[in-house]
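Pasting the structures here.
The following pair of complexes shares a single chain, chain A, combined with chain B in the former and chain C in the latter.
Moving on, here comes the complex of A and B:
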């Protein structure tokens, strides 16, 4: 640990920390544009200039250094005992001296000479570093009288637009494509004040390559200004009109930490949230753009039962009673409970309890989306398992690690069952012909789902559940991190939170469950499921909890 | 009159000196043979350190000191020869490349032997097509004669030289910009530290040396340190003479152009005055000297009052200017300083690499302001303010008079100083391109302010007489010596 003097504070920071991070750790903001903790540091924006102090032998004392230094590339290290400043400090730096403040103002003036004053129509307004820093550190007036550069607006790829006029050439996006994605689609063209970000183009300006890698959306997040814009979010909402909750991406078993931006009428945007061991600063576009199903008008809103071969709406009481009636008639050994790799730990735990303690059946299976291809990038991996909670579901339902999600295993699981209770909840889950035949062979099929999916269409009773954005709970990712999801919006229509449905059904079947919220179930999980002793909602918080013995 | 002392250029005009055989007749490669047979690498480094040889590329940094920074335990190490001579007003390296390329190869051989380097790159300015052709032919010849390649002269020392053409960017003459370009990237300078001596080409220790610096080595090797340190002028007759502890030794290839009768490259002892140099170059063309740019277009300008200054690395810093690459441009009374500045600013605005904010957007802005003044559209306010100048006791201060406020001149000085502050010699940019922009801008304005004011007042370019156009030396001197209102606690 290095002992440094930061403005008037005396603080300890780890060796190798740069000044921006050291200051951030102690509540001091050093404005910056090109620096991003997940990327290399070109020090090209010059916004983070700070004033280091050095020992000046002729004066025999410590004085401000002649040159200001960039906070991003200046790192602190423990100095040898004879090189301590003022006898005790490893480093002395000021981030608030008049020189530093003047430099910030000057740099901001340069940044704004070609920047258009189009904040009123810019998507970034409200969460724009240029806006914020200009307000906090800028001069408030421009001395620039000349004509501004007007480089063209560009379509870079399926989801990314570039408003070149707003670009401050910090090159974060270029470095992201080079270093994290390893795809290198972006580069600079021209020189000097005519610098533009662009994709490769031929002589007729036709793109030779598009910014279409699966991580492309991240460049929009890291753009400090409104230059890179997501087509998905373009002109949809002002940031200050949206509310935000922390959650976990349900797209695959990586379990990227996310924030969900929403309004009363649905989700608006998903952005990655930093987690050092899971997704760092990033997420993939599948997860980022995959939230639209939550807002879909085709969501199941009311329970349904099959009458004369047609699914017709019914009441919750009727639907649940029908299930209880049929299950009571059936021999427990012929009832199969199929949990879901899309459902939370709490829901799968209740399902396990329903199976083991109330129905007393041994046929427990797991359902979920089928594995896809794995995508590996230099600093990011998209998992092949397209379910957020495969590992958690196995733990809760006491299935072995070999309980895979392939169609064969699933077919075997229901082969001898007469009545099946199946939880789905995946945004899309097509069934192949053999799986369909296996399900059709079941006498009585109850499906808890969010859409009228392939499975739901075969069901005798359909119970409308909810998506990740409408419930509380926990997911366990492939590496054994238990993380929380939070409710953002209300369930559509009469749809109910999945654990409530299971609890009501269990109680109607003679159980005595009395949970009031998901956190209560998690307390039970902590007591009863091996390795989950720390996985209570309180302890998980926003950072997650790593399971004991979880293999990395 | 000062006489030329031709050392590097001695055999430049010998027919076919570019061929190995002719070069050999004039001691060619014998100095290298002496080095490799009689000296250990460390001895050569010592010699260079003792010779006081300073890098001729522009910064004037001690070559021996630079070599001493290179860690000897990291392999491989590289030499980059900077032949990207692109500073306006400089044209001495190209003659070496075009006429006497073997001299450069010999210099590279000595440097690489001393530093234990086995790969050297010569980064040649893209426009020097003839120079590159000649050098390539010479390298080929040297390979054939066994002076390049493996186990040179049976000594166990290996060296390969590669020549690489630039693609036409001024900034690739900056050492880290050159390295980036050589690595195949955009020519954008790196953040320093680390300096190239520690981490340069391909992240390995790299020595970057100008052509002229390397060409000094064979002669230093052949004639010894004492011979070398005897070249160069002794000081003591003017108040701006540098301390004896920091001698400027050797000759310099002064490139003199502009309004002189015999422009060209003159090889002279370091430390002659500007006046003497103009005399050597056949005197000024026209009536009289109005201004002199002493070290390539990025150097602050000198007025006709300042011609007594010595043209060497240390003296010129005392005159708040620099020798730079030794490109001297003389202007006579017909030249308009606003027009000159516009020309230079157009060049820098075009050549800014665009990597860091102040330079990317500040440089074209400075050009635009100068353009506006030159177009006669400069802004002047109706206000007046106290005039600062030579006050009591010859010091800078309030003169008690009032002066017109020229808004655009204040703006020009402020914007230039925001890129790199000329008073405190600090820059907000990654490389020194920033100071190469603001130095001329601010110095032209301060030293020839009447001409700028006239352009704004009259609404067109007005060329004043030499006396009228120039700020008096007392005022200039007082300004330079003034106590800068310090933004930070000054060392006491």
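Moving on, here comes the complex of A and C:
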């Protein structure tokens, strides 16, 4: 630990911390553009200048250093006893001296030389570092009277647009593609004040490569201004009109921490949220852009039952009664309960309880999306398992690690069943022919789902459940992190939260479940499921809880 | 601006001689990327200009994303991304040469060939239709003591007047 004097504060920070982070830890903002904690530090924007103090022998005292230093690349270290400043400090720095303030004003004036005044139509307005730092640290006037450069707007790839005029050439986007994605699509063309970010093109502006790697969307997040813009979000909403909840991406078993931006009419944007051990600052584009199914018009909104071969709408009471009736007629050994790697721990736990304690059947299986390829980047991996909760579902349903999600295992699971209760909830889950046949052979199939999916189409009763954005609960990722999802929007139509559906069914079948919210189920999980003792909603909070014995 | 990727019809390859030269010079650098400038000069010497095919090949040789090559090519005015004339005329236009009337020399060449001054993004407007000459302005060529000066390809000409310029240009094949 280094003992430093930061403005008028005396604080301790870890050795190796840079001034920007040291100040941030103690509530002081050092404005910066090129520095990003997840990337290398070129110190090219000069926005972060601070004033270190040094011992000046002729004067016999500590004085401000001759030059200002960049807060991004200046790190503090414990000094040997004879080198302490004023007898006790390892470092002395001011972030608020007149010299620092003047430097900030000057740098901002330069950065704004060619910047258009298009905040009124810029997507970044309201969450723009150029707006905020100009507001807090700028001079409020420009002396530049000449003509501004107007480089063209550019299409960089499937989801990313570049408004070149707004770019301040911090190079974060280039470094992201070089360092985290390892794909190197971006670079700078031309020189000096004519610098422009671009993908490689021929002389007629036709691209040789596109910014189309699976992590590309992250450049939009880290662009400190409104230069890089997501086509998906372009002109959709002012940021201040949206609400935001923390959640976890349901796209694969990495379990990236995210924020969900939403309004009453649905989800608007997903962005990564920092988690040191899981996704750092990043997420993939499959997860980022994969939320549209939540808003879909085609979501299941009412229960359905099969009448004369057709699925027709019915009431919840009728649908649940029908299930109870058929299940009661069926020998417990011929009933199969199929949990879901898409559903939360709480939901799978209740399914397990329903199977073990109420129906007393041993036929328990697991359903979920089929694995895809793994995608590895220098600093990020997208998991092959396209479910957010395979590990948690296995733990809750007491299935072994080998309860895989392949079609064969699934077919074996239902091979001898006469009645099946299957929870799906995947945004998409096509079935192959043999799996379809196996399901068709079941006498009575209940499917809880969010779309009229391949499985739902084969069902005798369809119960409309909800997506990750409409409920509370936890997922356990592949590395054993238990993390919370949060409800953003209301379920569509009469769709109900999945654990409530399971509880209602269980109680109609003779159970005595009395949970009022998902957190209550998690308390039972903590008591009853090995390794989950710390996985209460309260302890999980926003940072997650790592299971005992979880291997990294 | 479309998102159609361009297809490279004819890939670029170094001639046998230039390939040997490339292999010789790559030895001089601790990392391949550092050989970028000499490799590009060599390629431009062979191909006349840096086409997408050249960029792709250089990127491959140096094991870099092609954007890193594009980045360097657009940074330096010595690299051309379009065909240029057989003779590239660079008229120094920095202050000492300006004080010694480089403008007269430049205007004379413009009139002589009925061309404009080429820019980095539009070389064609400064190139004669027979593709013999391309006219460019240049920053200081480090010969201010003999201003005004002009470079034609790799040769420097000093103390120029429109008449002397004529003699030089007329003598070129």
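Here is the rule we go by: the second predicted complex is superposed on the first by the 552 of 552 C-alpha atoms of A that agree within 3 Å, B and C clash if a C-alpha of one lies under 4 Å from a C-alpha of the other, contacts with A are read in each partner's own complex, and residues count from 1 in each chain.
As a working rule, a residue touches a chain if its C-beta (ideal position, glycine included) is under 8 Å from a C-beta of that chain, and two chains touch if they have at least 3 such contacts.
Everything numeric here is computed off the predicted structure, so don't read it as measured data.
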Touched partner set for A:66, first chain B, second chain C, both or neither: first
First, second, both or neither for A:191, with chain B first and chain C second: both
Partner chain(s) touched by A:46 [first = chain B, second = chain C, both, neither]: first
Which of chain B and chain C A:98 touches, first, second, both or neither: first
Residue contacts with chain A in the superposition, chain B compared against chain C: B
Chain B versus chain C as contact partner of A:332, first or second or both or neither: neither
Contacts of A:183 with chain B and chain C, given as first, second, both or neither: second
Touching partner for A:203 - first (chain B), second (chain C), both, neither: second
Which of chain B and chain C A:116 touches, first, second, both or neither: neither
Shared chain A surface residues [contacts with chain B and with chain C]: 188, 190-191
Residues of chain A touching chain C in the complex: 152, 154-155, 157, 178, 183-191, 198-203, 205-210
Sites on chain C touched by chain A in the complex: 1-6, 51-52, 55-56, 64-71, 74-75, 81-82, 120
Chain A to chain B touching residues, read off their complex: 41-47, 49, 51, 56, 58-59, 61, 63-64, 66-68, 70, 73, 97-99, 102-103, 106-107, 109-111, 113-114, 143-146, 168-169, 188, 190-195
In the complex with chain A, residue positions of chain B that touch it: 169, 186, 191, 349-358, 360-365, 368, 372, 411, 414-415, 418, 424-430, 487-492
